[in-house]
Amino acid sequence: MEICKPILEVKDLYVNFYTYAGIVKAIDGVTFTVCEGETFCLVGETGCGKTVTSRAITKLVPEPGRIEKGEIIYHTPYGKINLLELPEDKLREIRGKEIAYIFQDPAAALDPLYTIGYQIAETMVEHKTVPKWKEAFIKAIDVLRSVLMPDPEKRVKAYPHELSGGMKQRSVIGIGLSNQPRIIIADEPTSYLDVTIQAQIMDLLRKLKNEKRLTIILITHNMGLVAEMCDRVAVMYAGNIVELGTVEQVFKNPLHPYTKGLLRAVPNPLTKIERLEAIPGTVPNLIYPPPGCRFHPRCSYTMDICKREKPRLVEIEPGHHVACWLYSR
Amino acid sequence: MSAEEVYEKKLLDHLSDFFLKGIVKIIDSIRPGWSVRNKSKIDEWRLMFYALNRSPTGIVGLILVASFILIGIFGPLVAPYSYNDLLVFKNTHYRFIPPGGRGPGGEIFLLGTDDYGRDMLSLVLYGARTSLVVALLVIILGAPIGIILGLISGYYGGKIDELIMRITDIFLAFPGLILAIAFAATLPDRIRGLLETNPWLQNIMLSLFSLDPADAPRLANLLSVIIAIIIVWWPGYTRIVRGSTLSARENVYVEAAKAMGMGSWGIMIKHIFPNILAPILVILTLDVGSVILLEAGLSYLGIGAQPPIADWGRIVYDGSRWLIRGYWWLSLLPGIFILLTVLGFNLLGDALRDVLDPKARRSIEFKLKKKKR
Amino acid sequence: MAELKRFIVRRLVTFIPTLIGVTLLVFIIANLIPADPARAWAGGEKASPEVIERIREEYHLNDPWYVQYVFLMKKLFTNDIVSPRTHNKIWDDLIFGTSQGVAGAGTKYGRFFITLQLTLFAFLYIVFIGIPLGVLSALKKDSPLDSAVRSLALVGVSTPVFWLGYLLIYIFFVRFRVIELAGFPEPTQRITGIMVIDALLLGENDIAIQIINRLALPAFVLGFIGIGVIARITRNAFLETWNADYIEFGKARGLRKSRLMRHALKNALVPIVTVLGLQFGGLLGGAPITETVFGIPGMGRYMIEAIRNFDYPALIGGVLLFALIYMLANLIVDITYALIDPRVRY
């Protein structure tokens, strides 16, 4: 295994949403490190907090959410900074330039009233990677070409509604890559696309990663994709990371009862995780989460301590972490 | 368990329960067993009232609207003077008595008197009747047109829908008030003829508006205004009903009713209409306000009620001549009554929109639940 | 852009049937509703039998209705109808201007231009007060300002325009004499048709100032309803777009706040423009009342004077003109819509 040169460290992150119904404790002490040049995956059922975690990295938690606690250490070539303490205007300069996003739903992420060329150019001009709009429009064609958009000279003048789903996603990826970021956070970049296009987009991401030595944080429902794309994977459950390790470690030797269930539940790794038939019970309500281990109401190994105390993430073998009382005391 | 037992109630809730029970009893006496069959519906209504009772704007609106209706009904009966009591002919000192001032005989005029020595309070009370009757007639005569055409248009679609929509387009191509002015100004000729040949209609109108028989010739203008407002009002209403019908038509139970061979009219009445009732009710409430405003505007322009008939818009116009002289109460005071009345309907409509929205109601339901003992 | 052209052509095609419908409705008002149209057109009760007979001939009132319709429209569109009251051709009174005005004084501007100017002023109030107020209340959601805007919208639509007018006249004229209510100055030459602009073009600044002074309050009164309505719509539209995914993505792209606002505002503009179009109709409809309150000799006032003097030709001309302007305004709204939103061009 390569030695890990950290580029991003998330430390003890807590995020709450203050809704009318009560306080949603969405992210409950998440810690992980992303190494430079790797593809790091976040997996878990719907609503477990993948999107919120990824957005919190650059402090993009939507109303009525609040980051309660934590540190996001970003390693620049010149030293470390805690993104959560950075003033808003400095943070803005990092978003989209050094840490870029690819959103889940490309159709909604693009402004319908502007051409995609404009939106790509805008992203570059705002970060001063290209000084003039005129130049930026010309560069936008190159950007589209690099994401394998067919007929980029023509598409650059197209409005989002004139493009197919796959082409919209390519445009969103193009926007993400336009400033040659160091980290790209791809939030289910293919969930709205059909299978063949999914494969093409994934090939594209892999190619870009190899060419540009990009660090990718990939969020997905899809265990097949994890196996195919990722170097390391973190499994999330109800706002916690329950297991973390290399893809080999987690797939060949799952430790956490939830991960085991997850892999059992998905005999075909290409299916989406919507509901886990193999694990009885439902995802807990995050306003009144179960005390102790949040998984205990659904776990078949539950012990007394599980209901009282929350298990911490501990390293069982080199690089393989799990948060479960079965493995620690 | 019925809603009655589960929720913590306030005084207003008891009042609305009382009101609802009365209505249910009436329906039950006509159709025995109705309340048992429609228990869930009645509970829903009860909740709606509870929700309304908890909306501050809704309560203010309700109070304003209720006072307007009460004044409209009983105003002319309790008014100290008639609308055509020109006290100035008794004694010229009855002119321009300011609000709260005393007449030559020592009597108090709460809202003052006008240039003819008419009691402003009485004028306002009679004027409420005029507004109320106009609004009611517009709604009673106009709403069925709007609802039926909208239902037909939305339910059948196709050519007939196209035709009805093109006709509404034509009416909506005019600014509302302008079209109303045109009709209200040209109709009286024919209406006068109609009234002369139908004395019964004339008599009904005289008593509805609480007018002196001597003012019968002036009815034609009032009726023209009502018809003019209906002409301007139905197209927008038809469009709203059509929109709601279109979405209600997609419902499963409509499909089911069709599959069971129910006729179109049956489906419209039994399945579609009850489902579009909520938006229709909201729009109607808001529209009563705009009808009153429109009528006041027409009368202000001299096209509606003719003097000495008491009409809020007309009173403001007649009084406005004296504004420059500083007799502000002749025009500014009656205007406040228009403002408050229309505001009442708008507040109530706004609150109803929230209350009739199931999502908003659920959150109220949530708050209302009695704490477990 | 080719699509835009196609869109406009298509929109114009649907314009024509509505236009025909509008003229038919005007015909109905003109000829079917008064018990005796000939008498009505001749000037009502006072008209002499000879005049009535002449009118009957002239308008073909003894022929079938479609002949009457064609002749009425022909006369209307060739400016061949004379008002029995002002003795001017109605389009001269309304649009082209006359050497002989109603009060005897000539005017280079038809009544329409006076109303247009008033309406444009009111429109400016709506746009420049209503929209910023809406954006502010969206940005400060649930603040006192937000509830104030909500109340303003409710009170606005509930206020009788004439009452508000008199209230302000009482305050600003009767109590503190800070406004003028009489006179209506005109620049010496008609250029664009909009008096203020003409006055400024001619360098007659004092006239421009007089006009602005004269219209500032009436235009505010006329626009008052619209200000609240537009503020409310803007607030809701802006809130919706401000929470949209593309704004979230804009933040993730590292756009500055001013750019994000631009994206949000442009998207919010789609519903705002629609409501602005409707408000324009409201302003036109409100013109007769506002002009009556403030004694402004516009086309609304012209219609009301016509009604009071049984001048049906002038009334019909006014109604038709109002409808044509409103239709044109709606056409402009639709085209603006297509300019803003590429999706509707199809």
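Just so it is clear, A, B and C label the chains in written order, and each chain counts residues from 1 on its own.
One rule holds for everything that comes next: a contact is a pair of C-beta atoms (placed from the backbone, for glycine too) under 8 Å apart; a residue touches a chain by one contact, two chains touch by 3 or more.
Bear in mind the structure is a predicted one, so any value in this text is a computation, not a measurement.
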item: Winner on C-beta contact pairs when B-C is weighed against A-C; value: B-C
item: Farthest chain relative to subunit B (centres taken as mean CA coordinates); value: A
item: Mean-CA-position distance for subunit B and subunit A (Å); value: 56
item: Centre distance in Å when subunit B and subunit C are each reduced to the mean of their C-alpha atoms; value: 27
item: Cα-centroid distance, subunit A relative to subunit C, in whole angstrom; value: 54
item: Residues of subunit C that touch subunit A when the two form their complex; value: 243-246, 248-256, 259, 263, 266-267, 340-343
item: Subunit B residues within the subunit C interface of the complex; value: 166-167, 169-171, 173-179, 181-183, 185-187, 189-190, 192-193, 289-290, 293, 296-297, 300-303, 313, 316-317, 320, 323-324, 326, 328, 331-332, 335-336, 338-339, 342-343, 346-347, 350
item: Subunit C residues touching subunit B - in the complex, by the definition given at the top; value: 17-18, 21-22, 24-25, 29-30, 33-36, 40, 154-155, 157-163, 166-167, 169-170, 173-174, 281-282, 284-286, 288-289, 292-293, 303-304, 307-308, 312, 315-316, 318-319, 322-323, 326-327, 330
item: Sites on subunit A touched by subunit C in the complex; value: 55, 58, 60, 62-63, 92-97, 100-101, 103, 105, 108-114, 122-123, 126-127, 159, 161-162, 172, 175
